[in-house]
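Encoded as structure tokens, the structure appears first; notes follow it.
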Amino acid sequence: MPEDQADRPELRELLAALAGRFAGAVLASVVDEGELSVRLSKDALASALRFLKEEAGFNALEDIAAFDNLGSAAEGGQRFTVVYRLGKFPGALRARVAVDVGEGESLASAVPLYRSADWAEREAFDMFGVRFEGHPDLRRIYMPDEFEGHPLRKDFPLAGRTGGA
Amino acid sequence: MELREYDLNMGPQHPSTHGVLRLKLAVDNEVVLGVEPVLGYLHRGMEKLWESLTYTQVVPLTDRLDYIAALSNNLGYCLAVEKLAGIEVPKRARYVRVVLAELQRLASHLAWLGFMANDIGAMSVLLYAFEAREDVLDLFEEYCGARLTIHGIRIGGAVRDLDTPLVSRIRAVLERIPKRLEDVRALLDENRIWKERTVGVGRIAAAAAIDYGLTGPGLRACGLAWDMRKDIPYSSYDDFAFDVPLGTNGDVYDRYLVRLEEICQSIRIVGQALDGLPGGEFTAKVPRVLKIAPGEVFHTIEAPKGVLGFTVRSNGTDKPERVKMKSPSFINLQALDHMCRGNLFSDVVGILGSLDIVLGEIDK
Amino acid sequence: MSDGFEKAPFLLTKADLFITWAQKNSLWPFGSGLACCAIEMIATAAARYDIARFGMELFRASPRQADLFIVAGTVTNKMAPVLRRLWDQMPDPKWAMAMGNCAIGGGPFPTYSVLQGVDKIIPVDVYVAGCPPTPQGLIHGLMTLQEKIARSHPTKEILAPHARRPS
Amino acid sequence: MTPFVADVLIPVGKIVAVILYPMVMVVVMIWLERRVVALMQLRLGPNRVGFQGLAQPVADAVKLFFKEDIRQRQADKLLFGISPVLVMASSLLAFCFLPLGEPIRIGTYTLTLWIAESPVGLLIVLGLSSISVFGVIFGGWAANSKYPLMGALRSVVQVLSYEIPLGLTVLTVAFAARSMDLVEIVRRQEASGVWYGFLMPVSFVVFWISAVAETNRAPFDLPEAESELVAGYHTEYSGMKFAYFYMAEYAHMVLVSSLVVILFFGGWLAPFPSVKALDFLDVVPGFVWYLVKLMFFLYLYVWIRATFPRYRFDSLIRLVWKWLIPLALVNLLVVVLVRYLL
């Protein structure tokens, strides 16, 4: 893994611009190993994503990974962390946007910005119960519709509540 | 009596949905108005299972994700864990991994060729492609005893060294495959019926492809040269000279040509890797019980289906706290609805074949 | 099973032999694969291992025309009712084969969404172990199924349909 | 030759022969297709059952005979039952009009190698072969589920639109031979010394393409495209009803191939009738030549199936309306002009 991404300075001033624009919302940000990683508060998510897409040129949303912080050292004290992995093509730059969200709260959906967020958000909802406002069709994607509970939460038993029939 | 469209169900059991995918089609007299894939019929709860296994126990399960390209999943996961744990993989191990990964791409593209041709009606091509693929599977069987769920790449390196008889047999197979490919290309490339079924069908523009998150041959068929092996090289891919085949208008025919060209490039890479095989260890020393300090990593590789990414978060114990897989087929399948609109019902089969999806990877 | 021959009248045993010979040699598998084992099933039907020699290469896409249901892959809870419906749509006499550890007993997936063994929903005749079983293993399973069919007594079922196997 | 033998035994014998002949041809055709397609695809094909797999079709038929015959509740009982019979009967009936060889003279009685010889034999055979379309429509409709219905609709449009070029090309042969009687056509080819296939190659090619499409085979097998419509119009059929559809398809293939042989390649004539030096070929009975040519065309069917991908529905229809029908019309015009100007 080549460590010295030549474009690090570009990420640095991008970071400065981001910190400037969303002063209050950026909780922590660092550039390491050629990846800009930012931790945002919940309500700044939509505008930050719009900024990253339109101005910073991150035109591809590669992945949305949700984490359940139950039991582990919850950084923001919230139950879930949702991480957006953005990619820039051409130039192959990477950005990681992490957002903490509580049990019942919901996030702004990224579908108006990136079409590829559609199913990723449905999967996060199905597996963790994180709701996304503005999602065109937020339903379960893997489990049958009448399934109750969210499997990937830490408190959900591996073999399932009905004993994995 | 007013004409109304009716919805057709290409159910979880259908000869050409490549496994248990269900497509809800809104069809108006064979013209497709909309496609809504229904997933979950092969959801085995992989990510939940991974949280209760140690890092090394997870590797054989990654074989069962994209079961047509098992070695690529192993490579993706092992690279992510090695980056997280800071394990340095020796140069020979990286070369052995490149040889295995590119042979796996060969086998995966040949399986795709067989399935897609069979869906569009040319059933003999399925047999020719599978016969060529059997040669590659024999290599894997000789390498580590398994044909499909190979589990040949482990954390730190590979399971066995490439000894000279195996290397000579690999070279022999690499000579035979282009000849078989000639038969298939002679049968299909300029075939009027084949071109009628594929040219201009399932077209997607470059900008829409990026917006849908399309990766792999599907994206390269639109003319965008995004290949992880070139853009963010891993496992010493930058030591090898190969070019990235590109299409022009992103339809089924271009995806077909791009993948066939990728087969030739993979053969080139394996040849170069075997020529430059350095000496030294084929695997790094990895402690039996691997404990990794808390941290998180996201690492992507160029799997045959597209960009395969693994997010691994560790919590200091020997079990990962969370392993999230970014599956290329899962993202590529979202573009199916966009590609199928306006085409005929029998094109849905061809477009689905050209997307080269595997249900194990979609449903996890 | 051989005791059945003494009691059955001579004509029926000869009819049995002929009918089972026909059923044994023209087993049309049902073309539905679930997961990794399906790829090995197709490889078995492909050129090198070629079950066409036994007359089994006609993978019927519709359950109505299939005799043998090879459950090749992991049966999830969401897929189980569909599988059961496909099994019911198949005309008698029909046989089922659990191919691979997932179909036999859940395989490496003791999770919330996997049915731990397909014999919980359909009666299985032959279990083929392996993950996935090699084509040679599958052909061995098919041959054992052929022997099982050769020993069965279809005339008894035709003459006394109420004595049907509990499906 | 007592009248009893002449009036009873021989006709009964001929009727049994005409029923057995297509059945044997179907069995041979099933075996031939599975073996030849397999050998073209680097595999062996059935060779375990009986000698080199010859008993394979018998095993299939017996197994299908003992299968349970499922008829769903929502199916239309009458049509569901009738359609396989319609498809099968129309094919078998047409075999009565096909002349298989030169009439054999036994003492005073001449044994004609066909059941019926009628001045409009050609018309009857074409009419019968299009009756099987009804079977397909009723079958697809009666099953009352989406895929068979789509298969049936596709089959209707395909068969009807391919009947037009078929009819036109058959007209050219009728003009050339000045009669619709199949026996007369063969005799006329023998008299003129050249087979119509070489005299009018265009009409042979158009006839052959529409014949392949008529029997829903090879690149035109859309109505039963496994990869799209599960199993096309006979998705809901099982057991013996499905066996009827399965055998009727082959019987229809044999029927249409024998039509090609009779109309364009001189039925039971030895090859090169006009070349005097090859007269020694006549020692071989006509029936054998007829079978050899028939086998060639059946082999061609299988060959096409193994190589070509499947047409899409609209390109299939465009092919017939934009290419085959105009070509057939022009060809008919040319033949008529040549016929009457010479």
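Brief remarks follow.
Every chain is named by a letter (A, B, C and D) in the order it is written, and numbering of its residues begins at 1.
In this text, a contact is a pair of C-beta atoms (placed from the backbone, for glycine too) under 8 Å apart; a residue touches a chain by one contact, two chains touch by 3 or more.
Owing to the predicted nature of the structure, the values given are computational and were not obtained by experimental measurement.
Under the contact definition stated at the top, the chains bordering both chain A and chain B are C. Counting C-beta pairs in contact, the pair that comes out ahead of the other among C-D and B-D is C-D. With centres set at the average Cα position, the gap from chain C to chain D is 36 Å.
With centres defined as mean CA coordinates, chain D is found 45 Å away from chain B. The mean-CA centres of chain A and chain C are about 46 angstrom from one another, to the nearest whole unit. Computed centre separation for the pair chain A/chain D is 64 angstrom, with centres defined by C-alpha atoms. Residue positions 14-15, 40, 43, 45, 48-49, 127, 131, 363 of chain B each touch two or more of the other chains.
In chain A, 142-144, 151, 156, 158 are the positions where the chain touches two or more neighbouring chains simultaneously. Touching of two or more other chains is recorded for residues 41-43, 226, 230 of chain D. With chains as nodes and touching pairs as edges, the resulting graph is of another kind, matching none of line, ring, star or complete. Touching chain pairs in this entry, ordered by label, are A-B, A-C, B-C, B-D, C-D. Of all the residues in chain B, the ones that touch chain D in their complex are 6, 8-9, 14-16, 30, 117-124, 127-128, 131, 187-188, 191, 193-194, 196-197, 344-347, 349. Within the complex, the chain C residues that touch chain B are 31-36, 38-40, 42-43, 46-48, 59, 61, 73-74, 76, 78-79, 82, 86, 108-114, 131-132, 134. The residues of chain B lying in touch with chain A in their complex are 39-40, 43, 45, 47-49, 52, 83, 208, 210-213, 224-226, 231-234, 294, 296, 298, 300, 307, 309, 311, 313, 315, 321-322, 324, 326, 330-331, 333-334, 363-364. Chain D contributes residues 34, 38, 41-49, 53, 55-56, 58-63, 66-70, 226, 230-231, 234-239, 242 to its touches with chain C in the complex.
Of all residues in chain A, those touching chain B in their complex are 1-2, 35, 59-63, 65-68, 72-73, 83, 85, 89-90, 92, 94, 96, 114-116, 118-120, 127, 140-144, 151-152, 156, 158.
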